[in-house]
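The same chain A turns up in both complexes below, where it pairs with chain B and then with chain C.
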Partner chain A sequence: MTKYRIERAPAPGWMRILIPLLAIPVTFLLTSVIILLDGANPFTTYYHFLVSPLAGRVSAIEVFVKSTPLLLTGAAVAFAFKGGYWNIGAEGQLYAGAIAATFVGTVLLDVPPIIGIPAMVIGGFAGGLLWALPSAILKVKLGVDEVVTTLLMNSIVLNVTSFLLNGPWRNPVSMWPQSPEISAGTVFPQLIPRSRLHFGIIIAVIVILIIWFVISRTSFGLKMRAIGLSKEGARFAGIKVNKTMLIVALVSGGIAGLAGAGEVAGIHFHLIDAISDGLGYSGITIATLGGLHPLGVGISALFIGLIDTGAQTVSRVLGVPVYLGDVVQSTLLLVTLSLFVLQNFRIRRVN
Partner chain B sequence: MEFTLFLVGLIAATLRVATPLIYGTLGELFSERSGVLNLGIEGTMFLGAFVGFAAASLSGSLWIGLLAAIIAGLLAGLLMALLSVRLGVNQHVAGLGITLLTTGLSLYAFRVIFGESKVPPSIESFPMLSILPETHILAPITNQYLLTFIGLALIPVVWWIINKTRFGLQIRAVGENPEAADAAGLNVYAIRTAALAIGGSLMAVGGAFLTMAQLGSFTFGIIAGRGWVCIALIIFANWKAVNVLWGALIFGGVQALQLRLQTLGFKLPYELFLSLPYVVTIIALTIAGRNSSAPSALLKPYRRE
Partner chain C sequence: MHAVQMKGIVKRFADLVANDHVDFDLEKGEIHALLGENGAGKTTLMRILYGLYHADEGQILINGSPVAIHAPRDAIKLGIGMVTQHFTLVPTLTVAENMVLGETGSFTINLKEIEKKVAEASKRFGVPVNPHALIRHLSVGERQRVEILKALYHDAQILILDEPTAVLVPQEVEVLFNALLRLQKDGLSVVFISHHLNEVMQICNRVTVLRDGKLTGTVKIADTNLKDLANMMVGRENFGVTRQGEREQGKVELRIEKINAVDKKGLQALKDVSLEVRQGEILGLAGVSGNGQTELSAVLCGTQKITSGKVFAGDVDLSSADTSDVCAAGVGRIPEDRHANLVGELSVAENLILDQMDKFKKNGIMDQQKIQDNAEELIKTYNIKANANDRLRTLSGGNMQKVMLARTLSQNPRIVIASQPTRGLDVGATDYVRSTLLEQRDRGAAVLLLSEDLEEIMALSDRIAVIYGGKIMGVLPAQEATAEKLGLMMAGSAA
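Showing the complex of A and B:
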C-alpha cells in the first residue's frame, strides 16, 4: 500500500502559478456569503463582476484605465519586496508623484508635448523617489525599520496634499480644494478617442518590461534577489547590501510616483485629495498575488482593474454596494497569502 | 478667568481626543509585546466604530453595541493570529490585508443595513457623566464619557498585566525569545493568539468610542489615520504602557489646541499639525535607533521545527 507523507520542502514550481489561480474560486466562495446577506444571487453578481465589464467596449477600455496606476504601484511594490525592502509607502509615493507632476504641469506653460510629457514623467518619478528617500536612508544608514517609516510617510503626504489644496493651490475660481489645471502641453495623449485610456499605460508596460529585465537578466537583479532571500547570505557573498537596497527603495518610490503623475496628466488634469484612494495599498495586493514576478504583477493588475470596474457594474445593475470590490480584493489577498504557505510543503509518496 | 476657561476647555478636549488613541495603542501594545506588529489596527478601529454603531442602532442598546464591537475586534485579532501566528505569513502584508478587509466589510455592511439615505443615521450616544455640577469651573474636565475614564484606568491595569502577572511574563517571553519560551514549555502560538485577540478588542473599543460616545453617528472618514497614529505612539512610548498615557495626552493636547486656536479665528495650517505625530515618531525612531525597547522577536514569525 502506498502512503503519502507531507514534509517541509519547497513545493514544485507549478504550485507558484496554481496558488493564485486556486485563490480566486476560494475567494468567490467566501465572498458569496456576504452577497447572499444582501439578498443578491452570487452567480449573477459574479457574472456582472467579471464578465459584463469585458462585454462592452466602453467598460472594457475602462478596465485598462483602472489598471494603469495599478500596474505601476504593483510593479513598485514587487520590485521593492523582491529586493528585501518592505516598502509599504507606495500610496504616499504615488501622492508625492502626483504633487510633483501637478507642480510641473502648472509651472510649464506653453510647452510643446515633446517637452511637456517627458517633464511630467521625470517629475512624477522624482517626486516618488524623493518621498521614498528618508525611509530608505534611515534604513541603510541607521537600520531603522522601513515598514513603519514608509507607512507613516503615507499619512504625512496626505496632510501635505490637503494643505496644498486648501492653501496655495486652492482653485481660485471655484474655491474647491483642487489645484489649477495643468497646461495643455503636459497632458498625456489619449490612446483611443473618446475614452480615458491614456499614454500612462504605455509607460506602465515599459516599466514592467524593464523591471522584468533588470530582475532576471542583470547582475544587479541577481544581487537584489540574493538580498531578498537573505541579507546575511548576500553580505557574506560580498554583495554591497546597503547600496543595492538604497537603489531598489528609490526606484520603487519613483515607479509609484509615475502612477501619480499618470493620474494627474491622463485622468484628472489637476490634483485632488482623492487622487489615489488606496491604489498604493492595492499595489501590495497585486505584488503578492503576482508572486512578485513582473509578469504576474501585470496579470494581477489587470485582474484587480477588472474587479474595480466590475464592482461599479454590480452596483449599477444589481444595487449591491460598490464596496464589494474592496471586500473581494482584500479577501483575495488574504487567501493568496494563506495558500502561499503551501509552497513550503511537498507531498511525497512513501512505500 | 478667560484663560482658566480656555485651559479647562483645552484639558477636557485633550482627554476626549486621547481616548481612542489610548485604547488603540494599548491594543497594539499587547500585539507587539507578544512579537506581532498588527497593521490591522486602522481597519480594526474602523470595524469597532461601525459594529458598535450598527449593533446599538439595531438593538437599541448601547451596551449590546459595545459588546458587539468588542467581539468584532476579537475576531479581527483572531484572524490576524490565524494568518501571522498559525500560518506564519508576512506580518505587514497580513495586517494591511486585514485593514483593507475590515474597512471594506464595514462599508459594505453599512450600505446593506442603512442604505444610501441622505440623512446620516444616528444613535442616542453614551451620556457624559456628571461628576461635578454643570456650573462648577472644572466640570468640563471631570464630566467626561465613562469610556474615557475606563481608558485611563486601563493604562495601569495593562502595565500590571504585562509586568506583574504570569500571563504578562508569557507575553513578554514569546515577544523577546519565542525559541526559549517554547523550550521552557510555553505554547507560543496560543499566547500570541490571546495577545492579538485582547489587542483587537481594545482597538475596536477605541473606534467604538468615536461613534457611540463622541459623535453618535458613523462617517466613512471616522478613523482617519488614528490607527497609524497609534502605531506611531507605541514607538514614541518605547513599548511601555505608562508612556502610552503621555504620548496620547501630548498628541491629544496638540490636536485640541490647534482646534481651539482655529475656532478662535487663528489661521493655522492645521494639516501640518496633523502630521506632527508622524514626523516626531520618525525622528524618535532615528534617535533611539537600536537602543529602543522594541520586542526582539517583533516581525519574526515563529515556526516550531
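Showing the complex of A and C:
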C-alpha cells in the first residue's frame, strides 16, 4: 500500500529568495476566481493591474508617488521585525508623524526651506518615535506583548487625529475637518514638474540604504539580527537584549513617522483623517514579501505601489470595485506566508 | 503474567538513536521504575507505548498479545494511561469537565451526572479530588491527582507516570506514593519514570535502567542498592583521556559563597552552595541530574539571578551580574544547552564573535575580513567540520560544541564553567572536549566541570564536589574519591 507522509525538510537557501516570485502566479490563480465572479477577464484585469500603469508617463510617476510612504513603512516594519520586535503599529506611528509634521508646518511660519524641510523630517521622525515609545517600554520593562500594544496604539492615534481635526485644528474657513495648510517653507519640493512626486522618495531611498548598512555592516546590526533570530542565544553572548530592542523599536517608529511627514509635506499640505488608509499595515505585507531585507523591501514596496495604482486603472476601465487591489495585496501576503511555512516540509511517498 | 512486553524497540531521531534495541516488561500489579539520566531514552520508550511516537523496530505485547499502537487513542483503548510532566488540563474548566474533555459520548453534556460519576471514581480509587473545583485553583499536586484519576476514569489498567515527583514538594510526594501503593493493591500496573534513586528504592518492585538509549539491565529492588543503581545509571566507557599528574595549585579564582537560587517553578534549587575553584585545577561537580546543576550553571553564566549569597571572579563581584558582566570578567562558559545558547540561523563566523564583537569592529562597523580570518583560524585549530559561512544549525552536535569551545576558549578565559560538555557527543568529540578542558587547566585556568557522568568527573577532576538536593554534600581530593564514596554522596549521604 502506498501512503504519503508529510515530513520536516527545510528547502535550500535559494528557495527563500524564489518564494516571493512564486507567490505572484499563485496569487493570480486564486484571485482569478474573484475576478471571474465579478464578470471580468482575469488576463485583461491583470494586464491593467501590472502593465497599464507603467505604460503611460503620468501613471508611471504615480506608481512612485504611491510607493513613497510604502517604502518607509515597509522599511520601518522590516527593521523592527529583523530585530525581533513585532511592531504592528506602523500605521499609528505614521499618523503620529503626520500630526507632528503638521504641527511643525503650521507653527514655523516664514522659514526658508533649508530650515523648514529638515524641521519637518525631524518632526515626523520624533512623532513616530514618541508614539512607539509606550509599547517599547512596556515590552522591555514588563514583557507586555508588543503585537497587542502597538496595534492598540493605532486606534488611539486615529481618535487623537479626529479630535484635533474636529477641535483645535478644524479649518476656520471651510469648517471641514482638516487642519490649516502648512507654511510654504515646510513643503517638500516637487521632483518632476506638474507631478505629485516629491522629496519624500529621496528620504525613503536614503532610509533604506541606511538600514541596509546598519543591519548588514555594523555591530548594532549584528546584535539586532542575533536577537531577532534567538533572544536566548544573543543574551548568552552578553548582548544587552532589552536596550537593543528598545532602540530598534523607537527607530522603527521614527521611520514610520517619516512616511506621515512625507504625506503631509509632499502630497496634502494639511492633515486629514484619511492621510494613511492602511499604509502602515501594507508595510507589514511589504516587509514580509521583501523577506525583511531592505533591498527586498524596496522592490516589494514598488510592486505594491504598482498594484495600488493598477487597482484604480482596473476599476476605471473594467468597472470592478477598487477594493480588488486590497484583495490582491492580502492574498499575496497570505500566499507568501504560507509558502514560507510550507518550504519547511516535503511530501514523501512511503510503502 | 505480563501486562506489557516491549521487545527490541528501536527509535531514531535523525542520526540520534534514542532507543537502541530496548527490551522492557511490566508485570501485572507491580510498580516498575524506569531509571536513567536525562536523554537516556526513558520518556521516548514510554511515548512509544502510549502512541505518541512510533518505534522504527520492535514489538509491543499487551497482556500477551501483539498490538499496534498508532496514537494515544489506541493506547487508551488498550487500558494504558499516561501522566506527562506537562499537564494537559484546561485551567479554566472544572475537574469534572476536564475528565470528559473530548469524549463526552453525546451531543449534550449532563454535567451533574458527570460530576457524580467523577466523585464516585474518586472515592473508589482512593484519589481524592473535588469534581466542582476549577483546575486553576488547584495546587500542582492536586492537578497531578486529577491527571491520574482521569486515566483511571478511562479504565486504565496500566499507568505511566513521567517523573511525577519532579513537580511536587515532599509532602505531596508522600500523598502520591500512598495513592500508588493503594492502587497497586487493586491490581494497577505502574511505570514510574524517574532519575531519583531514593524514590525508586522506596516505592518500586523492579527497576529497568537505561543509559544512552541502551538497556543496562532490569533488577529487583530487593536485590540491589543505591550504589549499584547509581553505577548502572551513570557509568560510561572511559575514553582514555585522563588527567596526568598533580599540579601546584594557584590562588582561588572563582569563589561562590552561600548562594541560594530557585528553579523555574519557584522552588528552592540551590541551598547555601559554597565552592572555591583555584587556578590550574579542575573542580568536578558530580550529581544525579536535577539536583541543582542546571541552576548553578545558569547563575555562573549570568542567565539567572541568585536570591542571596555572593559570587566572585577574582576580585570582581558577579553576585548580580548579567551575561555581559560575566563575559567582561573573563569567565568562559560552555553551557548545558548549546542549541539555545548559539544562534542557529547566523553563520559559524558570526557565532564565533558574538560575545566579543568589540574586538572586531572599527567605529561601529564590523571588520568582515577580520571576522572571516578569525573563523578560518578557529575552524582549523579546533578541527571544526564546517565552513565559516555555513549556518550554524547545519552543523552536527559535536561540531556545534566545538564552535562553542572555540569561541569561549580562544579568548583565554581565567575561569571556565563547563556544564555537561560531552552530553550527546560521540566518542571522538568527547575525547576532544575532555582534552581541551585539561589544556585549559594546564594553562592555569580555574575550571568548574559540572557533569552527570561520574567517569568523566573522576577522569578529569583534581577535586570532586557532590551536589544533592541543591546542597553540596562534600568536596574530596581526587585521590580519595572512589566511585563508591561518590555514589553514596550522590544518593544523599554526607561525606
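We adopt the following convention: the second predicted complex is superposed on the first by the 332 of 351 C-alpha atoms of A that agree within 3 Å, B and C clash if a C-alpha of one lies under 4 Å from a C-alpha of the other, contacts with A are read in each partner's own complex, and residues count from 1 in each chain.
In this section, a residue touches a chain if its C-beta (ideal position, glycine included) is under 8 Å from a C-beta of that chain, and two chains touch if they have at least 3 such contacts.
Bear in mind the structure is a predicted one, so any value in this text is a computation, not a measurement.
*Asks:* So, A:P321: does it touch chain B (first), chain C (second), both, or neither?
*Replies:* Touch partner of A:P321: chain B, not chain C.
*Asks:* Once the structures are superposed on A, label A:T45 by its partner contacts, choosing first (chain B), second (chain C), both or neither.
*Replies:* The answer is neither, since A:T45 touches no partner chain.
*Asks:* For A:T73, using the defined touch cut-off, is the partner it touches chain B, chain C, both, or neither? Pick first, second, both or neither.
*Replies:* In the superposition, A:T73 touches no partner, neither chain B nor chain C.
*Asks:* Examine A:T331 and indicate which partner it touches, taking first as chain B and second as chain C; both and neither are also allowed.
*Replies:* After superposing on A, A:T331 lies in contact with chain B but is clear of chain C.
*Asks:* Have a look and say if chain B or chain C is in touch with more residues of chain A.
*Replies:* The partner making contact with more of chain A's residues is B.
*Asks:* For A:Y281 in the superposed arrangement: first (chain B), second (chain C), both or neither?
*Replies:* It touches chain B, and chain C stays clear.
*Asks:* Pick one for A:S179: touches chain B only (first), chain C only (second), both, or neither.
*Replies:* Neither partner.
*Asks:* Looking at the overlay, does A:T244 come into contact with chain B only (first), chain C only (second), both, or neither?
*Replies:* So A:T244 meets neither chain B nor chain C here.
*Asks:* Just to be sure I read the superposition right, which of the two partners does A:T27 touch: chain B = first, chain C = second, or both, or neither?
*Replies:* neither
*Asks:* So in the superposed three-chain picture, is A:T218 touching just chain B, just chain C, both, or none of them (first/second/both/neither)?
*Replies:* Touch status of A:T218: second partner only.
*Asks:* On chain A, what residues does chain B touch that chain C touches as well?
*Replies:* The overlap between the chain B and chain C interfaces on chain A is empty, containing no residue.
*Asks:* Which residues, counting only chain A, touch chain C once they are in their complex?
*Replies:* Spelled out, the residues of chain A in touch with chain C are 217-223, 225-226, 229-230, 232-240.
*Asks:* Tell me, which parts of chain A touch chain B in their complex?
*Replies:* Going through chain A, the ones touching chain B are 34, 37-38, 86, 88, 134, 138, 142-145, 147-149, 151-156, 158-160, 162-163, 166-167, 278, 281, 284-285, 288, 321, 323-327, 329-331, 333-334, 337-338, 340-341.
*Asks:* Under the touch definition given earlier, write down the residues of chain C that touch chain A in their complex.
*Replies:* Counting only chain C, the residues touching chain A are 301-303, 322-324, 326-328, 333, 335, 340-346, 350, 354-355, 357-358, 360-361, 364-366, 368.
*Asks:* Provide the residue numbers of chain B that touch chain A in the complex, in ascending order.
*Replies:* 37, 39, 79, 83, 87-90, 92-94, 96-98, 100-101, 103-105, 107-109, 111-112, 225, 228-229, 231-232, 235, 269, 271-272, 274-275, 278-279, 281-282, 285-286, 289-290, 299
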